[in-house]
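So, here come the structures, one by one.
Shared chain: subunit A. Partners: subunit B in the first complex, subunit C in the second.
Moving on, here comes the complex of A and B:
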């Protein structure tokens, strides 16, 4: 089967997969909302009504401690948060592919050295390191993305390294080596395309991590608190004593949005796994053929239809 | 046994390198940033310090006018003496003193929630993999994944609002009530447990899913092995097969993950502490950020990193006892 038809099958599988299509639907509508939403909502930074007024017909989600409209803040906040998250995800995968790929492909001394760096970054606690980095740099989305990339790349590098090690021994790689292709061509043209599903799910996983860590940093006050993002929304909510005044509407919409997008991204990841993991594909096939409860652990059914 | 010793020493060597990397990062980050670190730090001390104290402080940080290498060595020397400098926010208290006051609370809160969530999560993972496709298996993973999608500290805010503010079941802040005396007495112990319930529960809820899913995945491959089929064929009860045969082998990757997860869980714990005004490291971190107290921030980074490294080494020792393959 050639590469294109595999991609086509994956594409069709993702669309047919319930989890993935549900996740895709929510993620794309949130992205669309973050791009076009702010054109239709009120100015998120303007003083529009009495501070901390509960949800009403005028302000659907109420107002925050600065008298700003919470609904427009939630929609406008998505822009910066998602932009930083996906930028981080992208670069984390690129760095992971370079470092992890090199470590797994070359092995030996190169692997020893790169693995050492990867493991040191993995074992260091992320948040305190992010805090000292972010506190020395000028606050803003660029700082956030840089800090998140620096503290988050190691996990992906490790995953890609082990995948590279298993692919490196395959016949098609040996054939490429014997036919005299250069190492960089083998890595990027022969091997990397076979890791496409892993790279895609790494990107999604890294973006989910970036959303959570970014919101945490901004909540601590390490973002640019004059801009509107999900993290700064929560920062202002806690600064304006949202809890002690009982104004739940200042932090609930933002938190739900964060959870919705992280959960949808995770669902896409589950879907990618179900569609591209051969073990799960065949399992799905024989599950259809056998009645419930006849499946028991340790039993390998031999029912298998051609796909 | 000498092989195990070799293994432990090799791991210790790795953690020393990691600790050295953290120390070096801690030294170079302020120096690589735009602006003069000494000027930034000491601008915040202005009016608080006599000129002599200022010179002593510069030496602690290695922020002298000497060459970079000398600065580096004088910094390493003071770190080994446990001298982390003087805090700006809590002037003139030394950073080491401030950090040690909050350390026990963080270890208590983060440690207990980590252990509880590890035990419950691993057990749940074993159970749902046993009845794969059953009601629990199709209900628990997605719902815990959904809870795990919320930021730690946001769930803490929500639970504080519902159970602390609205229902008044739990206290709103601090680690013990004002009317007990600190020490080993029954009212104090009860009060601190009572104050820890709500923050600990939110942390357990968020981290439970990860343990459960990884245990479920390893259990599934273990359950396919021949020795499980043999154990079943011998007619052993399913609990014995599940816990003594399958779970015992499947738990090892989870243990290795325990060390890795520590840093992550700790980061979440720090933010949770802030919401509950819990007097641990997280609360100190917030104070440090709010008042731009660089010495305190960097001291916190160092102590938390060292704690995580030490804990990882203990996990290595535990794995040595649990997994005969590492003793070969």
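Moving on, here comes the complex of A and C:
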């Protein structure tokens, strides 16, 4: 592979892109913090000081209703929350690629059957199903990830199916068929790389969705409340009437982290969009260079210097 | 001398991009006199459309005009205000676009689209406008009752006439025609051009005619400008261009035009060596029919794409399959490559019948024997992979050479399609190559597995005129070197004449006529074949006018 490969060019573009690199930087530092942070912080489940004491030098983010250190809880919570989020994102894309890809590529009866399954999952009301499943299965991160994958994969499969349908009729696919390539090679080596930006942004989209949904479920008490995650942090804060007592430090750090990680993931998504679709960037550039009154009036602007 | 209607001086058009601006039109100057037909010719991407779109200023940013004048009746169009430009459009300068299907709105009737012009520009009442529209349709030989039709209810030629009628509506002094006949079949193209010339006599307008087809311009233009890479290479009267012009590029364009009549020149290819047609044919199609079901739930129709078609191809033979769009020639290619399955009839490879099995379960052995070259070299290679990948996959799949010899084999293959050094080209990605280079890679891929038959589906029609002959020459050379049979599918009788040993003429899915190439050209039997030959021969327009 030389440096002109499209995949490598995208890779370089992502690193150069401001939005994407900021997002990547923040997400990877949060992942790092969630892996190594708990080694340096206090035990998040231990009773360490007076309940609901505001931020102080001893406890930077104060303590919650159980007298636990909020900083340690926020860092420890990141680990489970991100693990569930990225696991969900990963499997949603993989399942979507397999089922949607097969449906789109083979067409006919295979498509009829797989589309039926996809449609059944699409019309199932997701939120009630999530609530029922989460309360019925033994609580825990594995259950959460499973429930989110089950309710989240269908939409993604649908998107990949339609992309596959548009790509499979292209000449380069027909050429591969005629040259005798096997179907699996055509799907995974010829077609899937062309969908890389779609797959990457599906992964990120699904991860963002998984963070929100999982925090929501746990906030409702449908997670394992004995573990530490961002969702259970909020659950306990609400249980301890944090709003009524005015102890903002029990929920603001967690809430802010959720907002920030979703924001950074979305920034990466924007970055991927801009890199794989260069027109988005160039439009911004030429709009800067032209006088306002020449834009969008349907007449070619004339910028003559020596007239 | 009549005065200049339009005068372009030092026109520069740039596209703003991320990096350096793209200089699409560089310092172009030419004049068009009143009543003239000015032809602007060039290959795709040469900037000819950009020039004409600057005249009516319909280019949208990021395109900007950075230098020069465009004077229309001595008034500079480039210094007009937005509302002045709008007034100028259509009443003074109108345009006929290439694709008539896209130029017409599919959800409005023809009537609504024509009266719109009258109501907007002339402020006519609706009744007046409808009456005017009827007259206009008759002017272009369309029945006035057709006014209530939608675009999809008209044929391609009729649609182009409607677009022409809309351009004529306000009888503007200048009409720009941007490839008005490119999407049409040759016989219809001929009718439309005759109509345009006839109307010009009565309505007296000036024409700026844009095309990639120099042959066409030589028929009727007064003056021709040749463009290349944004620059105007040469402007001269048609007579001088016809003799070869002064510039090297013009000469190359002129010399790359094959003709379907007269004596067959030997400057392109040596005489074909006709292979012996004895024994079992390599591939045989017997009474093939292909029907497609079209339409929705309630209105099912069958489209009979191929009717009772039979074909025998012997080893080392080149067969030209000539037909216009919709003649079923591409369907035949899909049937032979098993991308589609015939409705009835049988296909035999070396005498053994291929079962009508599903297209995706064709045996590897068959895939090795029958390969294909596609029309569009920009679509048939995967942008993700480099040339080496494209060539190595089929070779490994069919075990053509052992792995250690693979690299050398690929380099040799690339050099045999005149991409040398092969080592350099093997590393390239499709987007780093020109259309002609990509098509050569596609040819190399088809040949990589040493097939018995290569189907070439319009292999040159997406390429620039100046490199078409090179591709055909390579195909002819490879036939001699590898003794491979080629089914050359084309709409262009002239190029089939030069490449093929035998020609089969198709119309509406049916075989009209077949014969040895030169015999068929010299003494065609069917009227349709005669028309095709006439439309692809120099001087056809003059002859047609004389006939009238």
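Definition applied: the second predicted complex is superposed on the first by the 275 of 307 C-alpha atoms of A that agree within 3 Å, B and C clash if a C-alpha of one lies under 4 Å from a C-alpha of the other, contacts with A are read in each partner's own complex, and residues count from 1 in each chain.
The rule we apply is simple: contacts are C-beta pairs under 8 Å (C-beta built on N, C-alpha and C of every residue); 3 or more make two chains touch, one makes a residue touch a chain.
Just so it is clear, the model here is predicted, and its values are computed rather than measured.
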{"item": "Subunit B versus subunit C as contact partner of A:13, first or second or both or neither", "value": "neither"}
{"item": "Which of subunit B and subunit C A:124 touches, first, second, both or neither", "value": "first"}
{"item": "Which of subunit B and subunit C A:140 touches, first, second, both or neither", "value": "neither"}
{"item": "First, second, both or neither for A:51, with subunit B first and subunit C second", "value": "neither"}
{"item": "Partner chain in contact with A:179 - subunit B first, subunit C second, else both or neither", "value": "second"}
{"item": "Subunit B versus subunit C as contact partner of A:255, first or second or both or neither", "value": "first"}
{"item": "Subunit B versus subunit C as contact partner of A:222, first or second or both or neither", "value": "first"}
{"item": "Residues of subunit A contacting subunit B in one complex and subunit C in the other", "value": "287, 295, 297-298, 300"}
{"item": "List of subunit A residues in touch with subunit B within their complex", "value": "116, 119-120, 122-129, 131-133, 135-138, 208, 212, 215-216, 219-222, 234, 237-238, 242-244, 246, 248, 251-252, 254-255, 258-260, 262-263, 266, 287, 292, 295, 297-298, 300"}
{"item": "Complex contact set, residues of subunit B against subunit A", "value": "14-15, 17-18, 21-22, 25-26, 29-30, 33-34, 37, 130, 132-133, 145-146, 149-155, 157-158, 160-161, 165-166, 172, 223-225, 228-229, 232, 259-260, 262-264, 266-267, 270-271, 274-275, 285-286, 288-290, 292, 294, 297-298, 300-301, 304-305, 308-309, 312"}
{"item": "Residue numbers on subunit A that touch subunit C, as the complex places them", "value": "1-2, 4-7, 106, 170-172, 174-181, 183, 190, 193-194, 278, 281-283, 285-287, 289-290, 294-295, 297-307"}
{"item": "Sites on subunit C touched by subunit A in the complex", "value": "16-18, 53-54, 57-68, 78-79, 82, 85-86, 337, 339, 359-360, 364, 367-368, 370-372, 374-376, 379-386, 393-394, 397-398, 427-429, 431-432, 442, 445, 449"}
